[in-house]
């Protein structure tokens, strides 16, 4: 997968910094490559559902941004990305110290790009555990 | 749809108050009925994606909780609810002053319940606009 | 929802007759209105899964065509419709004498249209039972 | 992933032979391993949508059975499998001589199993092309 926009990484980082919700929840962009983006989120007690696990909506927040930006890496200059839809399967309770959403483009198209993201949880020295998987459709709009 | 747990509304409100992320984002439970739950969220500039609209993950956060709790209203006492999976279609940019997720149970089952939620946005005196729709599968576990 | 193509109903029926799989399984177009399409399928023993119920893929076949054509009714002349993606929840075993997929456009767009379809099953004199629900994204391409 | 039912392959083949729709469309079981199942379908002109491509519902039919049976390979004896829900992204027009659905279990659970299936199309001597991907939730019921 070849990037069409040589400045994609710089522009993506600027765009990420404008997603104010990422600052609110404490998420950071941890990897940016053509067709692949990772976002990390340390656990916080103010991000949970009623049993103390990370809320599925917050799992979705980092997975959705990872998917949108993974699509962005393969788009031409002056593109805007918007999520059309996504499906998330929550595979295990989202407990752990660090969550990581890893998104990979499955099919890049002119208008629509399909992206998959896995979200893992890591606790202390354990191996990461898969807690959720997303399948998303992203649309590319040309900026005026 | 008949509630099996006469205390469902009280228990649900307690559970909602334990979802710490709801306090973080400023969401409130605005309606609780058998098979139907609504959650409201006023717009805030720290909840957005890069264009200033409510982030799809935050739209999902209120829709997911509304779906889980709508399922909860029809479950027997001592039940736990967990989201198995959901799909969200983002129909329009999530802009507005107030967002409302309205969830309705489509099919209540002993183990699995299927719920639909619509999320609307309202600006000043305008009519609410549909910005997203969720279709979710919720599992009921018996608490020990 | 206003149709943009005055000939939509005639063109849709021609298109349906070119879906060879509809003849194979015995499905028929039973209603065509702006934003709404219905397809019926009588039960047959050669359309089942291992327990004798209608196979989920056949339930999907009529729901998907109903969704695509419901989107088509609101598109401009010379449009092609293709399914981008869909999600189906199978709510009850698909048993009955007659199945009916009823699709309604939720949001019509220039490029993408989101459609919901419910599939019911009817046995003898009973009321129809909801056996599945689909949420689909349809793309509109201009024919050359 | 360890099979819990030593007879899974034999039972699965018997069950597949009872899916009458597989005979109707000409699909065959081409691989059965613990956690992995493949189904093949040669193209036929009576399985198409209006442009002559394999209908999305037929793509779904082989993907859904592959997912259900992949889940079955890891279930205990006397289990029944039913699809709870699935989402399908249609990535490219389903054209080719041979279609193959390849399903892999992502997470096996006592009650729910999550499975992914990719569907490829092959034409003459070309490499297989990915035409669709499914993400499915399967439920395991104990047979009486």
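Note that the chains are named A, B, C and D in the order they appear, and that numbering of residues resets to 1 at the start of each chain.
To be clear about the criterion, contacts are C-beta pairs under 8 Å (C-beta built on N, C-alpha and C of every residue); 3 or more make two chains touch, one makes a residue touch a chain.
No experiment lies behind these values; they were computed from the predicted model shown.
Just to note, of A-D and A-C, the chains joined by more C-beta pairs in contact are A-D.
Counting the residue numbers used at the interface between chain B and chain D, over half appear in both copies, so the two copies meet with largely the same residues.
Chain geometry summary: the mean Cα position of chain A and that of chain D are 28 Å apart.
Between the Cα centres of chain A and chain C there is a gap of 33 Å. Annotation for chain B: residues 84-85, 87, 89, 114, 137 touch two or more other chains.
If touching chains are joined by edges, the resulting network of the protein chains shown connects every chain directly with every other.
Partner chain B is touched in their complex by these residues of chain A: 15-16, 18-21, 23-25, 45-51, 55-58, 60-65, 80, 82-90, 93. Across the complex, chain D meets chain A through its residues 87, 89, 91-92, 106-107, 114, 116, 130, 133, 135, 137.
By the touch rule above, chain A contacts chain C in their complex via residues 84-85, 87, 111-112, 114, 137, 139.
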